[in-house]
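Since the structure comes first, as structure tokens, the remarks are kept for the end.
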Amino acid sequence: MNLGKVVGTVVSTRKEPSLDGIRFLLVRLVGTDGKETGNFVVAADAMGAGPGEYVLTAAGSSARQTTVTQNRPVDAVIMAIVDTWEIGGKTLYVKD
Amino acid sequence: MNLGKVVGTVVSTRKEPSLDGIRFLLVRLVGTDGKETGNFVVAADAMGAGPGEYVLTAAGSSARQTTVTQNRPVDAVIMAIVDTWEIGGKTLYVKD
Amino acid sequence: MNLGKVVGTVVSTRKEPSLDGIRFLLVRLVGTDGKETGNFVVAADAMGAGPGEYVLTAAGSSARQTTVTQNRPVDAVIMAIVDTWEIGGKTLYVKD
Amino acid sequence: MNLGKVVGTVVSTRKEPSLDGIRFLLVRLVGTDGKETGNFVVAADAMGAGPGEYVLTAAGSSARQTTVTQNRPVDAVIMAIVDTWEIGGKTLYVKD
Amino acid sequence: MNLGKVVGTVVSTRKEPSLDGIRFLLVRLVGTDGKETGNFVVAADAMGAGPGEYVLTAAGSSARQTTVTQNRPVDAVIMAIVDTWEIGGKTLYVKD
């Protein structure tokens, strides 16, 4: 999975019908220090994630293994909202 | 998904028979500012997208989850045409 | 899909038995100007492509969606030979 | 597979229900010399891996081929803990 | 597929049970001139490949389409040992 931060929303009305009701979020990838790397992905939101939240995204066919995304043409999904992460016992991020 | 802009068309008559009737579009990837990044993908068109439109493309097996592309040897599909996107509440793109 | 140009052949006699009879071609990736980018892929040939031809290649599980490659351990396939492509109405390549 | 080193943990309580009980580890990718490359992946832990251990990670749909990860929205899994590796008969790493 | 050269072995005793008996090889990716590019992959060996041999590797779900790797959590497999390759009729490599 990638570690990312929700920063925005992409809206589409003309889309494959099976995508109706799925929210597309702009997620900037971050490093282990939480800083944005410059890369981003548009991910289907299976979690009700909001702006500023750190999330995990799964790509490829794994992005279709959630209730929201099953059998749908999406190749990235937010499947977890991150509470905290640590490296070597040192906490690098804690959700507010 | 990637965010991209339709810029052109690729035409092929000698192709896997299951691809008959599928349109292949040249899609340049763009950043969140809408500017082209220099990378591009050739995507099957499931949406009737036209030149200049901003689109979402799905890759891999997810590219085969549309009515048009099912069971066909395509690894990228346009599955949504973008109306607008925003970051931090600021609209960065609105379709004409 | 990637846009590429067939430049050579890879020959293997010791291979997974299901691959017997499949031709492996060296395909250099090209930009929208038709120039080689320096990257290449070895792709199964589902089309009878020849040297110098511009082709589309599909990757991943989509590479197994042709008659020639079904259920075989190949992750890239030539599934179309390109006749022409255009950007903004300007033809950038026409097959001889 | 990628060769990596477990360095930390990512904790999430709000996640796709099928992910309950799966541990997410921060894995830094390493070169054949064992040095970190700067890239990392968040991987589901199918092995009970601990910090400092060198591991193999599998990506994509292959990440769902373990008992722990089957049918779950994860695109990277630790499926082996590395004992040793060698190049040209020279051992480059031995687990303590 | 990628073109690579077998350079070493990775040994693991603690691994997903379905992986018992599968050999993991270190494969350095090479260019069309046969020179190593600096990148490498750890691939399951479906061919009995040995050090110094040039091989093709398949990635993703395609890596599970060999008898050895079916339904197993591996995302790269050696599915062919290369005898020779040529570009523009000029042979660039011949196996000893």
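Structural remarks
Per-chain numbering from 1; labels A, B, C, D and E assigned in written order.
Throughout what follows, a residue touches a chain if its C-beta (ideal position, glycine included) is under 8 Å from a C-beta of that chain, and two chains touch if they have at least 3 such contacts.
Being a predicted model, the structure only gives us computed values, none of them experimental.
The chains that touch both chain C and chain E are none; no such chain exists. Distance from the chain D centre to the chain E centre is 20 Å, each centre being the mean of its Cα atoms. Computed from the mean C-alpha positions, the centre of chain C lies at a distance of 33 Å from the centre of chain D. With touch defined as above, residues shared between interfaces to two or more other chains in chain D number as follows: 59-61, 63-64. Taken as a contact graph, with one node per protein chain and an edge wherever two chains touch, the assembly forms a single closed ring in which every chain touches exactly two others. Remark: ring traversal beginning at chain A, heading first to chain D, gives the chain order A, D, E, C, B.
Residue ranges of chain A in contact with chain B, taken from their complex: 7-16, 18-19, 24, 26, 40-43, 51, 59-61, 63-64, 71-76.
Residue ranges of chain E in contact with chain C, taken from their complex: 1-3, 31-32, 46-47, 56, 58-67, 69, 77, 79-88, 92.
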